[in-house]
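So that you can tell them apart, the chains are marked A, B, C and D in the order they are listed, and the count of residues begins at 1 in each.
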Amino acid sequence: MDDRFHDECGVFGIFGHPEAANLTYLGLYALQHRGQESCGIVASDGNYLTSYRKMGLVADVFRDPKVFDRLPGSSAIGHVRYSTAGGSDVKNIQPIMVDYHRGSIAVAHNGNLVNAQEIRNQLELDGSIFSTTADTEVIIHRIAKAKADTLADRVVEALYGIKGAYCLVFLTETRLVAVRDPNGFRPLVLGKLDGAYVVASETCAFDLIEAQFIREIEPGEMVVIDKNGLTSYHPFDKVDPTPCIFEHIYFARPDSIVFGQSVYEVRKEFGRVLARENPVEADIVIPIPDSGVPAAIGYSEESGLPFQLGLIRNHYVGRTFIEPAQSIRHFGVKIKLNAVRDVIKGKRVVVVDDSIVRGTTARKLIKMIRQAGAKEIHVRISSPPTTFPCYYGIDTPTRKELIASSHSIEEINRYITSDTLGYLSFEGMRKAAGVADGSAGHYCDACFTGNYPVKFPRLKSDSQLGLF
Amino acid sequence: MDDRFHDECGVFGIFGHPEAANLTYLGLYALQHRGQESCGIVASDGNYLTSYRKMGLVADVFRDPKVFDRLPGSSAIGHVRYSTAGGSDVKNIQPIMVDYHRGSIAVAHNGNLVNAQEIRNQLELDGSIFSTTADTEVIIHRIAKAKADTLADRVVEALYGIKGAYCLVFLTETRLVAVRDPNGFRPLVLGKLDGAYVVASETCAFDLIEAQFIREIEPGEMVVIDKNGLTSYHPFDKVDPTPCIFEHIYFARPDSIVFGQSVYEVRKEFGRVLARENPVEADIVIPIPDSGVPAAIGYSEESGLPFQLGLIRNHYVGRTFIEPAQSIRHFGVKIKLNAVRDVIKGKRVVVVDDSIVRGTTARKLIKMIRQAGAKEIHVRISSPPTTFPCYYGIDTPTRKELIASSHSIEEINRYITSDTLGYLSFEGMRKAAGVADGSAGHYCDACFTGNYPVKFPRLKSDSQLGLF
Amino acid sequence: MDDRFHDECGVFGIFGHPEAANLTYLGLYALQHRGQESCGIVASDGNYLTSYRKMGLVADVFRDPKVFDRLPGSSAIGHVRYSTAGGSDVKNIQPIMVDYHRGSIAVAHNGNLVNAQEIRNQLELDGSIFSTTADTEVIIHRIAKAKADTLADRVVEALYGIKGAYCLVFLTETRLVAVRDPNGFRPLVLGKLDGAYVVASETCAFDLIEAQFIREIEPGEMVVIDKNGLTSYHPFDKVDPTPCIFEHIYFARPDSIVFGQSVYEVRKEFGRVLARENPVEADIVIPIPDSGVPAAIGYSEESGLPFQLGLIRNHYVGRTFIEPAQSIRHFGVKIKLNAVRDVIKGKRVVVVDDSIVRGTTARKLIKMIRQAGAKEIHVRISSPPTTFPCYYGIDTPTRKELIASSHSIEEINRYITSDTLGYLSFEGMRKAAGVADGSAGHYCDACFTGNYPVKFPRLKSDSQLGLF
Amino acid sequence: MDDRFHDECGVFGIFGHPEAANLTYLGLYALQHRGQESCGIVASDGNYLTSYRKMGLVADVFRDPKVFDRLPGSSAIGHVRYSTAGGSDVKNIQPIMVDYHRGSIAVAHNGNLVNAQEIRNQLELDGSIFSTTADTEVIIHRIAKAKADTLADRVVEALYGIKGAYCLVFLTETRLVAVRDPNGFRPLVLGKLDGAYVVASETCAFDLIEAQFIREIEPGEMVVIDKNGLTSYHPFDKVDPTPCIFEHIYFARPDSIVFGQSVYEVRKEFGRVLARENPVEADIVIPIPDSGVPAAIGYSEESGLPFQLGLIRNHYVGRTFIEPAQSIRHFGVKIKLNAVRDVIKGKRVVVVDDSIVRGTTARKLIKMIRQAGAKEIHVRISSPPTTFPCYYGIDTPTRKELIASSHSIEEINRYITSDTLGYLSFEGMRKAAGVADGSAGHYCDACFTGNYPVKFPRLKSDSQLGLF
């Protein structure tokens, strides 16, 4: 279901193109779904870095074309960000940009470091000051303190001992560096446009600017791009990659290729397996738009039940909807979705969604579908029950709030008031994702299993203290 | 295809509810697709009318909850408006509100009068002044000049001789009046919420506020709502109603019931008949989202070809996208839609859309689908060729710009570079809409036939002078 | 004292200059003191009128230079306006612009009609509608209904029977008309710039654009300016002019020439006579800035007591100061003015101000001066006690609120806590203004005498009902 | 002359008052003249620091009262800032707030460090990163690296070796520290309000909040305020204080007491001595408002020539005036000031201003006064010729741009087209300021003499390289 999880960020970078800042703007626009709170661009003209960073959506922040006059140069990086921290505090907006003894450096980060606090404490004891609360700032501090001679070596030195999920895109006056953590939790892809290299969180950013998708930046790979071209490094100890399965389940755009697979096709396969595992006699299959659509199509194909768009999404929903002050009732999900009565009335309806977090939204939607006249409602979830929080860059609630961590499927079914409820099995998910048959690599599945591939010294935030 | 046609407006009204202005806000929010340029609310507290009207989307204009403090009272009307006139000219924002010898009156209008200019000229010769360029102002002038004793009679007297399409919602200190023209071109529905009467352009506005849909306001009907309840009048000479078929083809939201029929179901039936009339050997059916979805589902069902979401819509597209100033290329439709390569690659694709206007957008989309690897592209349009402009409230381009008015289907097929192109036939459309079999009344089909049910004394604007 | 009275408006017009809208903007900027709530410009390119009108200060409303692209043409009129009506209601912003049977016409109005309501009632009974609550709209209605052939004659016909204060500047596609009521209550001057005629409320607008001041538009005069030049008419019955003495006392800018006299010099003379009439043994003379400065200089010169700037005005005070929400005290006048302790401490201080309205601000200022260490405080007011409200365009409070209407000078002295209080005598004012010795004409002095030169059929607004 | 020089900043702090943030807002409002580009407040509730910082004037930035809900606590510091750097770059807005190993700390700085670059280079070599380009950041870095146990000692340790002008106000969770550099270049005063300590750049901030002025923070003094009260330290080597004479000449508000003297009285004395040194036969004395007023009053008193307000300032001038895009002429100083023709016409006029920088503004003003009819214009400047740039916190132009550094008084007189030109002599200034007779301490007079009391290792910015 939309807007329940939030990936922390999306990143973009381009080196060697006369329209660097403009293209970064477009790239961020295509990655807007990965972060809607703030965004920013840092550009280099070969001698100086300049930045423009602000709270707001990409199209709003960069509305005034004159902004681009302040971002000259042929290389640029950009960032979109979501944060649970409310309000208008601007200090965490990325890319972070600082001066240090070698010049200037900026960085855009997607992910979450599990030992950032330890390293930060150590740096503070050594006299460092921190202007943001972002994990990313520790990396910049360590680069500034690194002794190595080349930028590449300094980045590697800085990342030594850093644990967790990170896709980092650095920009200096003359170089762009992109690094993906050894586990490869978050996606990062490499492309080319008019001879310039491009990096982005997802391929949909390449499609918009008509860049050619070359390949993934591999887990543990660092690429350094300068006027001499691209150099690839694998500076870290090799581990088994564990990309995040939730990118396929929910986060990534369905028109992206992520971890080598079409998100749309993986989602549809989730729906197919879900149909085989959880068949039901029914009249129609409807998705929760937009995230549930491909799985619902897969379910429809496999089950033979007709696919219908039984819920319509209001196009004009944005961050900005303000419920009336003296509101007589809470509008919640109705602001976003409305049922098509003539599609649903008198029907046995299979409702396909990607996941259930707290169950409250599902409960409201089922009430809406019931009011539209559904005879039976069979909820089918295209992923296993989410029982553990994520520490690698996804803003899931605490374990206590995850309904599946403390309730059986039947209990959830009763809570959300569906007639039946079926989840995709863990093995079914692995099979659909190609893990079981070896056609795809392993994935991080900690949110379903608690099997965290990178250990963390202690919990990162109070908000997740309910975990153990 | 989205954003090519624009209905002039959506209207809403409520009488006798303590949350009148708040509910009007929500109603306008649900009707936002009918007009995105400006919006406004006028409320009455029984003694005075107050208004808040501004350029912008509903959620933006009414963002500050304090606005509602200025709109006290238990009755209110609202309006959303689109206009081809660019810029920030505020003078045409509705509802219009004036004082006259009987007190104050406000009006919200959806439609287009064909003899407004004649009446305006006459009124000006009699010494009237006009503060707006809207048709609606002539009606207000005539109400002020009407001699009848009751508001109901004055409205009827004012509308005498007024020709064209109108759904009007009036508000005075103590009454709400809703009128639909005898032809019933535009939709207008009546509902009830907590004992209060509600009127709206579409039922989707009722769904959001959880009002009960009672019935359509009939063509030629006027309802007067005051503290004594609702009184219905049929003051006009009876004519055969001709509601606008394009509400079903494109304008209305699929979750609305319009002219007594589910928009979603009518669109799906368009797709079914389209499939029967224009079969093709292919692998998949994809819609142009979002307007083409129900017809594509119908086409898929009838043809047996699998439905896929081959084009993904960017959620964050709004009116506000600014193309980069020094843009290296024109992004056009790519900003809105992106192809899912793995769905399309190597496939024979049926692309379903609701209509073709100029052909330029279709041409770009087909290029995008072709670049995504489609082997064949078969465009199927769920309406007949649009060959005549509308004079009853829809902002179609001039005849010269309508590609189908001067090109054969085969010529259009070549222009948009599809492999084949098929339109729904006129008879097929009538059959799908239930006209042919008598299960639904007649429709205005002037945009396909040039058969205008209400004559106009002369052309309304230069922009459409290319017609004859 | 600043900000206590508010003149309704300032007007500006220019005909025959390629920079018409830009110069109007500058003219309004110089007239900003006459109205801070809203402003607007209407321009004509010879065929069409275009407008830009908004709530806000001139420099804010016209901040975006692109606005001027929408105001093409070589003639323009403009308006700044103050209104007691709070909030953002835009409907009364001037210039008013309408279409009627002869084309388009716009008008900017400074003044107040005393029989507007009667005429409005009559017009409404004849079927007219009113979009604003401004007096000005009745004039436009009457122009539209006028039968005369020429614009000049129609304006005269429209003004027939209109009573009160008005300086009107009309703009049509091809003409600019400026009219001043027979009493000449409000100022209106004629100038020339690069061959183009200019009209404005005050000469300070000419100074800024470097136009040459030619002469006053005379009381009862109408000038019509078109491509053939300027024609002057005196279409009204002649009455003894009664320009508003308060323009000299408070409203007009001291650098303007108003009613043929330098405002600065008249004010200084007020101060001189005040010193002769109300001498006192003291150490220094200080003004309430900025309006009291010239009179204080006059008082200083005549009395021989040294002039000091004992109160400093905060430059950054604007309409926008928001007192802290949880404010621990009310800041009032301290936000604007601060005492210079070393100037005042231990001194016997003569404080010169132009007038006292309610007495509350004076009371606060005297407390501030006392706290700064003044040994004695002798308040001297450079006008007689204000005892009657104005019906000719100045927004004075009701009689009940005017402290001098119900309190003796000694009572006021006690209320504001000054040691002594002296007013300029009525005869002293006439003498200083040149009335007594015949060097200047008569003035309207109704606010001091209740001797209203134009009778009004009934009271205009409830807010002044306390009068009789 | 206004707006030619710009002091970098104003600072404010309060400890132990329930309305800390609100009072800081008011204090900044009174200090607005010291910096109009950006402003900010940091508050402490005893456990956490929170901040609100933005580009814009104080009244605009803090317009929404809800902002104060985000600034809870009983201590707060604030900052107003001017910068030559244009645009909207937010990174240098103060107070700076960071986390370090002892917690959080914020600082507001008024002044300029002459060896900031050296220290910054050293810190960067040690691995520090810099997020701003402000001098102030080096101090924060050094506090974080300081080894001392107490905050007081760490601040002293951090300031060791720091040279230049600084008034610093620090805020931690539980303490407020205010420090003034040993030379005492910039003013800093201590006050008390309802038992809470208050510090501010000028006493006018105390007047507005009705705090009691206690004394100056002495040159070289550091005060630490916590729940136990105030402790004063003098941790630096004692040097002869050299407060900035230009605070008295131009920067400070005339209603402030600065360096123990009334600014108004010092300015008036400058005018008196100026009159004695540069007498002239004339008719009137007029100031360039507002900065020239007190000196003009002094000149008038000493010379016996009558003081007149011959130039009127437009109240509504702000940072926001936009000259019309297609402007036909440059309006420059006319936007701000207008001559009162009747005051000036035919007169021999003494024009008193505080200083001349480039001479261009003076030239325009003299042209304006001449056009208003002045028979003779005698310019009198209430300070010696400004010949050297400031390195201690005032944004003067380079030496090349200072007209007096390369032109004789007679040459300047010819350039600005005055009849005669007279400056206050250096000795006259010292005498008027009380230096000569020992009634006041020494002042920094480097801008007149090039005698810089604190040496700088190298020039700070290219923009001033023209100096030697």
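Throughout what follows, contacts are C-beta pairs under 8 Å (C-beta built on N, C-alpha and C of every residue); 3 or more make two chains touch, one makes a residue touch a chain.
Model, not experiment: these values are computed from the prediction.
Colleague: Out of curiosity, which chains are bumping into both subunit A and subunit C?
Modeller: B, D
Colleague: Need the most distant chain from subunit C, centre defined as the mean of C-alpha atoms.
Modeller: So the farthest one, by centre of C-alpha atoms, is A.
Colleague: Between subunit A and subunit B, what's the gap in Å when you average each chain's C-alpha atoms?
Modeller: Chain centroid spacing, subunit A to subunit B, equals 37 Å.
Colleague: How many Å are there between the centre of subunit B and the centre of subunit C, using C-alpha atoms for each centre?
Modeller: That gives a centre separation of 49 Å.
Colleague: When the C-alpha atoms of subunit B and subunit D are each averaged to a single point, how far apart are the two points in Å?
Modeller: Whole-Å distance between the two chain centres: 61.
Colleague: So which bits of subunit B are touching at least two other chains?
Modeller: In subunit B, no residue touches at least two other chains, as defined above.
Colleague: Does the chain-touch network form a line, ring, star, complete graph or other?
Modeller: Per interface graph, the chains form a ring.
Colleague: Given the complex with subunit D, which residues does subunit A contribute to the contact?
Modeller: Spelled out, the residues of subunit A in touch with subunit D are 51, 70, 87, 89-91, 96-101, 121, 124-125, 127-131, 133, 140-141, 144-145.
Colleague: For the complex, give me every residue of subunit D touching subunit C.
Modeller: 18-19, 22-23, 25-26, 29-30, 32-33, 36, 57-60, 62-66, 68, 204, 207-208, 210, 253-255, 257, 262, 264-265, 290, 293-294, 297, 300-301, 306-309, 312-316, 318, 320-322, 324-329, 331, 334-335, 338-343
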